[in-house]
Structures are given as C-alpha cells and as structure tokens.
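Both complexes below contain subunit A, partnered by subunit B and then by subunit C.
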Partner chain A sequence: MEKVGIVGFNQVKLYSDANYGRYEMIFEAVRGAIDKAGLKKKDITTVISCTNDYYDGRTISNCWTVEVGGGYLADESKCEMDGAHAVLYGLMRILSGNHKLAVIWGGSMPSCYPYHSARLYETDPTWERPLGYVNDITAGGFQMRAYMEKFGVSKEEIARIAVKNRKNAAKNPLALAESQNANITVQDVLNSDVYSDPVTELMVAQPCDGVAALLLAPERQALKITDNPVWITGVGYSQDTYYLGERDLSVSKSMEIASKTALNAAGIKNPKNEIDVAELFEAYAHEELIFTEALGLAEKGKAASFNSEINGELAINPSGGAIGGNPPCATGLIRIIEAAKQLRGEANGYQVKGAKKAIASGQIGMCAQNNILFVLEGNV
Partner chain B sequence: MTEKEKVIVSNKGLVRAEFNFWVGRYMDKFYDGLEQKKLIGNKCSKCGAVFCPPRSVCGKCNENLPLDQNWVDLPETGTLQNYTITHYKVADRRTRTVKDPQLIAMVQIDGTNTAIVNRLLNMTPEEIKIGIKVRVDWSEKTTGAPSDINGFIKV
Partner chain C sequence: MGRQVAIVSAGFSEHASKRSDVSMPELVNEAIMDCLKKVPSVDPNKDIDAFVNGNMPAFEGANIPELWMTDWMGARNKPLMRVTTGGTTGGTVAIAGYYNVTAGLPGIDTVLAIAFEQQSQGDTATGLASVAYGEISILNTLGISYETLGRLLSAGAAIGVAAYQATNYMSKARITEEDLARVVVHNRRMAAKNWWAHLRMPNLTIEEVLDTPYVQYPLRYGMLCPASDGACAMLFTTEEKAKDMCDIPVYVNGVASVANETAVLGYDGSGSAQVDPSAQIGAMRSSELAYAQAGISFPRKEIDYAEVYSPFPNQELMWLEKLGLFEETTAPQMYENGTIALDGDLPVNCSGGVNSTNAIGASAMERPAVAAQQIMGTADNQVKKTVHTSIGHGWGGSLNLCTLMVMSDEPQRKWR
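Let's look at the complex of A and B:
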C-alpha cells in the first residue's frame, strides 16, 4: 500500500451538554486542525463528514455542514458510521491518487436528542422495534453476561477496566469531566446504578457532545506539511450478523477478522511485542476485554489479567478510551487521533514512553457488530 | 451561560413521516402462525440452521431459503440463553424508568439455532438461571403481531 500520513488533527473538549451549537463545534475542530497544520482552506481537496441523520434530526445532514466542515465548493461526501470508518473512506480517496489533502471530521451532540431512541431505529422494524426489548441498553447487558458466563470472569475484573479508563481520563484534558475520576475505586463502579444488569452506569461509555477532525495526505505531500507525520500501515474491518440471538456475544469475531487483516497488512506477526499502545473504542468496560482477546493480546477469558495500564505490558486506552467520553460518530476517530498523539510524543500527562507503533479501533452497531482497526506507525 | 439563559427550539415536527413497513412474505407466514399461537421457523438446506423468526436468506451460506420449502413447526418451549435486568425504558433514559425492572431474556426455541428476545414474566431475578426451560406466554387475544408473544414463563 502506498504510504498515507496523518498530518494533523484536532478535537474539541467533550461535554455532556455543551454551551455552543454543533456547527460552531464542527468549525472549531476542522479549522483548528487546518490551522495547527499550517494549512489553508484552498489546500483541502476532499472532505469526508461523519454524522448520522437521526442524530442530526435532518436528512442528508451534511447538506448543512458544508461551510463549517471546510467543504464549501469542495469534493465532499458523508460516511454514516463511526468516525473511524470515515478515516477509511478518506484513506481510499487519497489512495485513488486524486487528492492531496483529505479532511475527515465526525461528531454529534446527543444533549439535543434522545440518544437511546435514535439507536432504537437500528433494530428490525418488522419484529424487534415494536416491542423495544432489543435496544442498545439491553444489548450491553446481554454482551457482558455472555462474556462473564462463558469464561467465568467476575464483575470486579470488568469494573477494574472502568477504573483504569476513568483514572486515565483524569489525565486527559479533553475527556468528559464526568469521566475524569482520579480517585475512583472498583467498589464505586460496582455500587453505581444498574444500567442493564450486570452493566452498571460507570462501566458505560457515556454518549456526549463532541467533534474531532483529522487530516490525511499522500506520502510526498505529508512530508512537505510536517516533519512528524503518522503513517497508516494497515487497516481491516469486518461486519458481524445483525441478530444478537445468532451471535456468540462472548467474543468479537468481527474484531478478530479486522485485526488479522490490519496486522497482516502492516507486517506485524506478534502484536503483543510489536505494538506499543492501543486505543480501542469500548462502548462498555467489558468490550475492552473482549477486544483485547480478539486482538490476540490475551487468551480467551484471560484479558482481565493482562496489564494494560500506561506503564503496563501494552497500554490500552491511556487517554481514557470511549469511557473517557463517547461523542457519537467521533469516538473511533478520537481513538485514531489519540494513537497518533502517542506516536508523535504529544500525549502530555499520559504518554507511553517511546511509542513507535499503535493500533486504534472504531465500531458501530449493537454489541460492536462492526469493527475497524488501524495500524499506525510514527515517522522514524 | 446558564441553562436558563439557553434558548432551546424544540421541534416536535411539522412533517409526519411514519413508515408502514410491510413485513415481507416470510414474516407474513410467521405472524399468521403467531395469530394461531404457533411458532414456525425455516431451515437452510445447505447448513441446516433453523431460524425463528424465519429468514429469506442464510447469511453464512448466502443461500436463499425458498418460500415454499423447509418450513418447520416449532414447540413453544425453549432454553434461556442470556438475560439482563433494566429499569430503563428506551425512549429517554433520563426520564423514563420503570418501578419494577424489566427482565429481558434471550431464548433459544427448541429445535432452532437462533435466540429471540422477549420479557420474562412471573419471575424474580433470583429465579433466573441460564439454561432453565421456559415457554411462550401467549397474549389472550392474538392479532398476528409481535405483541402476540406476551413473554416467557418458567416451565
């Protein structure tokens, strides 16, 4: 694969109820990324927007984000999945050979709409939706219980992931304030309100307001823009079946396939030894464990004993991950940005020492039906 | 800016765009079965998987399940595969909670390879165990709709 580099990025501070409009937020993210990279509007040759019509409350919602997203009279189109999928779309635009700079932005503002109702629109309208028993809340409970039952993992072991990510989020100034819990304990997580048993509120990646933007350029252009590009060396993705009752929720087959494809492309044989940092989109604490296993970093059912602290065997979600703030359509994009920050040595306060190679993932659907994984390398 | 100073425009919608989904030929048959308090499914002739509700295509094999073949009459009993308990009603989590939490289960109907999701009725959380046998509790008056299955009860 021809080398494509991340040449800039920007993320707004995450809020549970932001005091500014979503269009201001998009402009802050995109214009901020362009300014930081020392570029101008005229340098943008393609824009990939990532939003969701239901979350925006209008159809073809990118028709109104043209100006703020840098798309005015530019080549612009939209990806209606996770921001990480939008990065794949941007990558393909660059690899077409027709573009010198791609802006990829994603985000949403769930303080303006009933998030869980919007997600109910994911379900089968002719069978599940009229009853409402299958929804994104119950799906989280089913997935955690399936994982615990299959492998005998305890609630405490899963709560430890929420503690780690919330403590990490406390070091990340852009994380959601409600998730920046420097002194949280496993007991606090277990004693928080039941979300969907066995999942408790503090195990959930809370949907919040936020937008992020990323810039991609082909190798030659990338090296002109910055001395410190981050290269995309592999990408893989996979879609599992829709019906929850047909899937083994204790594992993530789609992440297994996505990671095999991505690691293969990047020539990585032993991710545990070769990867220095991982930023994974975990919608719940237990998903981080399921993904750790799907990535081959731990045996099935054993991820809880894998040391994923910032100074551990392999740091997972040093930024706090999605539990540190989960702005729909931006969360996976933020994972890629956080991984790039690590490789550029810019993760002040939560930097993994000497990080050279990273992985970052995005997901969409109930119980992470679809997963996408990127392998990134610093410019050495 | 305080919350009080924020100007909020709440759009209840000038346009009503409600969908009337046709359930399709396969689910038509399924709902006809529910109306008579019967569960039916269909079988992939390649891999042998039995689906309830029925499918027109087996995703794994990428094969069509012909409309006039391989229908299977199913019992109303099944095995509890998974469950969750929640106070939240979906519409708006912040405001819509129920006093008695809902017990939601995945049940694999005997003779099928997939599970369906519905309520558990007349059970306390302590009574629920993965692997127990349950059966369909039918609505008194069935209409050929998802609500014909009231939930599942212990056998």
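Let's look at the complex of A and C:
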C-alpha cells in the first residue's frame, strides 16, 4: 500500500447541547481544517461526508451540506457508517490517483434527537425490533457480562477504564465537559445509575454534538502542503455477523481480523513494542479491554492489568477516547485526529512522549459489529 | 496510482410494486445470486474480498440495514462499506465498488457492490418530503409560515421539483407534452423486452399517455416512474482476474459524482439557489471529469450507448444534452427520428430506464449495470450495433447530484 498523508484536521468542541446549527458546525470544522493547512476551497478535489439519515432526521442528510462541507462542484460522496470508515473511502479515492486533496468530515447533533431510539432502527425489524429487548444499550450489557463471566474480570477492573478515560478527558480541552473529571473514583463509576446491568452510566460513551474534519493527500502533495504530515501506512476493516447469539461477545472477531490486515500492511510484527499510542472507539468501558486483547496487546482476559495510562506501557485513549465524548458519525474520525495529534506532538497536556507510531479505530453496530483500524506513522 | 478496474457481472432481482414474497435481505440475495450465476468460476466464499452496499434508509424504516443483512450477502468476517447519497445511491455504490478495487488495499481485489430498495415496506413520499425543504427553522425566521410550508411540501418530494424542471426545459427547447409522451413510450416499450423491468407495455401509444390526468403540469400520471421493490448487484475486479472470470470484461474508465448547489426554491440557509433547475451544472461537471479520465473528447462520436436516470421524461432529454451526447435542445428530435432507438445510432435506455422501473436505491446502479451488459453483449434487450463504450448515469439529491460511470471494452491506458 502506498503512503497517504494526513495534511490537516480540525474538530469542534464537543457539547451535550451545542445550541448552534448543524451547518455552522460543519462549516467551522471543514473551513478550520482547510485554513489551518493553508489551502483554499478550489484545492479540494473530493469530499467524503459521514452522516446518518436517522440521526439527522432527514432523508439524504448530506444533501444540504454540499456547500458548507466544501462539496460544491467537487467529486463528493457519503459513507453512512462511522467517520473512520469515511476516512477509508477518502483513502481509497486518494490511492486511485484520481484525486489530490480529499476532505473527510463527519458528525451529528444528538441533542436534537433521541440517540438510542434512532439506534433501535438498526435492529432486525421482524424479530427483534418489536420487542425492543435487544438494543444498543442492552447489547452493551450482554457484552460486558459475557466478558466478565468468561475471563473472571471484575466490575471494578472495568470501571477503572472509565476512570482513566474520564481523567484523560479532563486534560483534553475539546472533550465533552460532562465527561471531564480529574477526581473521579472507581466507586463513583460503580455507584452511577445502571444502564443495563452491569453497565453503569459512567461506563458509557455518551452521545454528544460535534463535527470533525480531516484532509488527505498523496505522498508527494502531502510533503508540499505541510512539513509534518502523518502517514496512513495500514488499514483493515471487517464485519461480524449480526445476531448476538451467533457471536462470542467476550472477544471481538472483527477487530482481530481488521488489526491483522492493518498491522500486516504496515509491516508491524509486534504491536506491543512498536506502537506508542492507541486511540480506540470504545462505546463502553469494557470494549476498550476487549479491543486491547483483540489487537494482541494483552492476552485474553488480561487486558485489565495492562498499563494503558499516558505514561504507561502503551497509552490507550490519552485524549479520553469515546468516553470523553461520542458524537455519532464523528467519533472514529476524532480517534484518527487524536492519534495524528500525538504523532505531530500537538497533544498539549496529554502528549505521549516520543510517539512515532499510532493506531486508531472506529466501529459501528451493536457490540462493535464492524470495526476498522488505521496504522499511522509520524513524519520522521 | 490506481489499478485498472473491470466489471465482470451484473445481476438483478425481479422488480414489482410489492415484493411481499421476500424480505429485504432475501431481495438483496436474489440479485446477488443472479449476478454470481453468470460467473460460475467465482467461489463466493473465497473469491469475493470485500462488499459495498447502499440504499435509501429512510424509505424502509431500517437504519444501516447491512448490519442485519450481513449473512444474506455472505459478508461475515469480510470488509464491508456502506455508502448512500439518496437517488444516486446505486451510482455511488458502483463508484465505491470501483474505488475499492482501484485503491489496491491489501487483500482486496474482487468486490461485490449491492444496491437495493424495498419501497413497499414504507412510505416513499413521506421520506422524500424532507428533502425538498431547506431547514424549517431558517424558513420560519425568514417569515414563511407553516401554512405556506405545507403548500411547499405538497410541491415537494420528487414530483414538485421535477415539474419546475420540466417547464423550464420545455420553454427552452420549445417542445410540447407530446414530446414528453414519446420518451415515455420509448421507455415502456423497451421495458417489455427486459425480464426484470416493472412497467412493461409493448403496445403503449402517445395518445394513451396523454389521456391520463395531470399530477402536476406538465407531468401526467402516465409519464411518471413507478415505485418498485428491487435490487441490483455488480461484481468488480482487477484487469488480470477479470480475464479468468468472464469472456468480455467491461473496463471502468471514468467515474464522477458531482453536486451543484442544493437550494431549488430560491430561499434557503445553504445557498443562493439554482435559478434554473434544468441548467444542471453538476451533470456537466461530472461528465467533464469522467470523460477526461476515460480519455473521451467527442462524447457524441465515441459513446455507443447511454443509460440515463430519468424518472420523468423531460429529464431524459435534458441529461442527454447535459452529458454532451446531443446539442442543447435537440434531444427531442432524436426521439422523433429514431436516433435513440434500439437499432439507432446512439441507443438510449433500452432497459426501459428509471421511467419503467424505479427501486430508488438500486436505480442508479442499474444504469451502469445495463450499460456494462450492453458491452458484454448479454443485455436482455441487446442493441443491434456493437457497443464499445457506454455510460451509466445517476441523479439525486434535491435536483443537484449526478453520478456518472464511463465503461469500455478496452482498458483506460490505451486512450489516455
């Protein structure tokens, strides 16, 4: 795979109720990314957006975002998954040689719609939706229970991940204010409201308003645009089956396949030693542990004892991860942006020292049915 | 640089207003099976490396339906990407299939692209109403009351905007309703020879079309596309692998999907409005991009067959001009003198087009699919002349987004 450069990015501050227009938010993100990279509208050759008709409450939700997203008379398309999948499509378009600058943006405003109700429309309409018993929250509960039972992991160990991510989020000025808490304890997490036993409120990546944008360019152009591009050197993605009963929820098979493809492409044999920082889209605290194991960073069931603090063995989610703010359609994109920030040494307050290689993931579906993993390298 | 991409097969499900005999996943599966049965050397488990999928989710009431359809597509533990852009969804899916192959990501050579719609599961007009509006809050701020908005809604959905477009085009080209009816007759008669088409009327006449009531001037009931249930699948692969899979691989030589400004009604939060909805700068720009990639300088001479996306007859005339196949305002004459007929110089929409079959999410993919089949010589309504180069076009959004795929029996490098 040829190298593709991330030449710019921008993310708006995450709010639980942003109270300003969706289009203004998109404009702020995209225009900011282009301005920061010192480029102009006419330089854009392709735009990939990531929105969801159900989340935005309108059919063809990318229809009215043409102008604000920089898509006017540019070759544009929409990926209706996670923002990270939109980056994948942008990457493909750059690799095709047809395009020299791709804008990828994604985001949503859950303050305007009931997020979990919209997610219910993802379920099988014949057998599961009428009962409403299987939904994104209860699925999180099943998954956590399966993981705890199979490997004998305690609630406290999982709560510790939520504590770590919320403390990290406190250092990230763009994170969701409600998630930032420098003094949170394991007891606070366990004592918060039960979402779906054993998942409690503070273990959940809360949906919030936000938009993020990223710019991609081929190697040659990337070096002209910026002095410190971040290179995408590997990518892998995979879709698991839908029915929860047919899956082993204590592991993530799709992440295992995705990471194998991505790490192979980047020529990484031993991720634990070679990767310096990981930004993972964990919809729930326990998913971070499951992914850590799927990535081969820890043995099955042992991720809880893996030191993933900012100055630990391998920093996972130094920005606070999805628990630090989860704007639907943008979360995976923000993970890539945060990983790129680490590689450029721009993560003020939560910088991992000497970060050279990073991984970032995105997901969609219940219990992370479809996972995507990117391998990023700094410009050395 | 990207790799050369080839289409090796295309498949369709049966189309009808109510396919209540199948569920959505089964409908999708039907098209996939039809696509794969034409390439017997392909083992679906081993040889298909990735999937691209899309529909208009608002119509069926299922968000990201690929999640629960995974096993009906055979996508378990394989890469899957979902793209959707409204009416152009099918074209977007086909283009994404092309990009999946051309990018050369590790392990991805053969890609199955699937687009579908089962409109009988929901209410299409309701789903479309929210497209015609701008932001309701902004319209309110401008002093437009809910009552007026209600009237705009009735002018909304697809027919409202298409009627504006039709009158604009008619006044420019100085044509009558009879010219529109002639386009409809061509499409429905062609559809009669196409097994998967929805409205098949081998003996339809212009008088019969003009005898139906107006839905919105100048568009009559008999001129409108049906609402269908259906699916379409296409198999994309690399040049090398394509040669082993089928006799005549169809090379994808140019793709583009371009959006013009969104606003149609003249006031909106997001733009200054297209003054003339039949101007279609987006279509012109997409043809510019795609023809340049394919090395086509004289579209009228170099293109042998065209499938354009025209739920309404005026659009078929308009697209043929905007895509550079005919001079401005001359398309209606081409229908009169038979240039676009099955045995004509430049046959158009010999599948019956969107005017006869419209499973919205799938429609824009059926265009390149049929255009590819015409090159392979396997189309149900095969044209008389040999087709070397063909185009498949898609339209969507609020009159503003166009997709285009240029295909040929020779690879791109030969002409660039």
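Quick note on the criterion: the second predicted complex is superposed on the first by the 380 of 380 C-alpha atoms of A that agree within 3 Å, B and C clash if a C-alpha of one lies under 4 Å from a C-alpha of the other, contacts with A are read in each partner's own complex, and residues count from 1 in each chain.
What we mean here is this: contacts are C-beta pairs under 8 Å (C-beta built on N, C-alpha and C of every residue); 3 or more make two chains touch, one makes a residue touch a chain.
Owing to the predicted nature of the structure, the values given are computational and were not obtained by experimental measurement.
K.L.:
Which partner, subunit B or subunit C, is in contact with more residues of subunit A?
P.N.:
After superposing on chain A, more of subunit A is contacted by C.
K.L.:
Under the stated touch criterion, which partner chain does A:316 make contact with: subunit B (first), subunit C (second), both, or neither?
P.N.:
neither
K.L.:
Applying the touch criterion given at the start, work out whether A:130 contacts subunit B, subunit C, both or neither, answering first, second, both or neither.
P.N.:
The answer is first: A:130 touches subunit B but not subunit C.
K.L.:
Regarding the shared-chain residue A:142, is it in contact with subunit B (first), subunit C (second), both, or neither?
P.N.:
After superposition on chain A, A:142 lies in contact with subunit B alone.
K.L.:
Going by the contact rule set out at the top, does A:370 touch subunit B (first), subunit C (second), both, or neither?
P.N.:
Only subunit C is touched by A:370; subunit B is not.
K.L.:
In the superposed arrangement, which partner chain does A:303 touch: subunit B (first), subunit C (second), both, or neither?
P.N.:
Touch status of A:303: no partner.
K.L.:
In the superposed arrangement, does A:244 touch subunit B (first), subunit C (second), both or neither?
P.N.:
The answer is first: A:244 touches subunit B but not subunit C.
K.L.:
Of the two partner chains, subunit B (first) and subunit C (second), which one does A:170 touch, if any: first, second, both, or neither?
P.N.:
Touch status of A:170: no partner.
K.L.:
Let me test your reading of the model: by the given contact rule, A:196 touches which partner, first (subunit B), second (subunit C), both or neither?
P.N.:
After superposition on chain A, A:196 lies in contact with subunit B alone.
K.L.:
Identify the residues of subunit A that lie in both the subunit B contact region and the subunit C contact region.
P.N.:
57, 125-126, 241, 243
K.L.:
Can you name the residues of subunit B that touch subunit A in the complex?
P.N.:
Residues 1, 3, 6, 11, 19, 21-24, 27, 53, 59-60, 81-93, 101-102, 104, 106, 108, 113-119, 125, 130, 145-147 of subunit B touch subunit A in their complex.
K.L.:
Considering the complex alone, what residue numbers of subunit A touch subunit C?
P.N.:
Contacts found on subunit A: 1, 21, 23, 52-54, 57-60, 62-68, 71-81, 85, 88-89, 91-93, 95-98, 118-119, 121-126, 234-243, 253-254, 257, 261, 264-265, 364-366, 369-370.
K.L.:
In their complex, what parts of subunit C are in touch with subunit A?
P.N.:
Residues in contact with subunit A: 1-2, 23, 51, 54, 56-59, 61-64, 66-71, 75-87, 92, 95-96, 99-100, 102-107, 127-128, 130-131, 134-135, 255-262, 268-271, 281-282, 285-286, 289, 293, 396-398, 400-401.
K.L.:
Flag every residue of subunit A that touches subunit B in the complex, lowest number first.
P.N.:
Contacts found on subunit A: 17, 19, 57, 114-117, 120, 125-128, 130-135, 137-138, 140-142, 145-146, 149, 194-199, 241, 243-246, 249.
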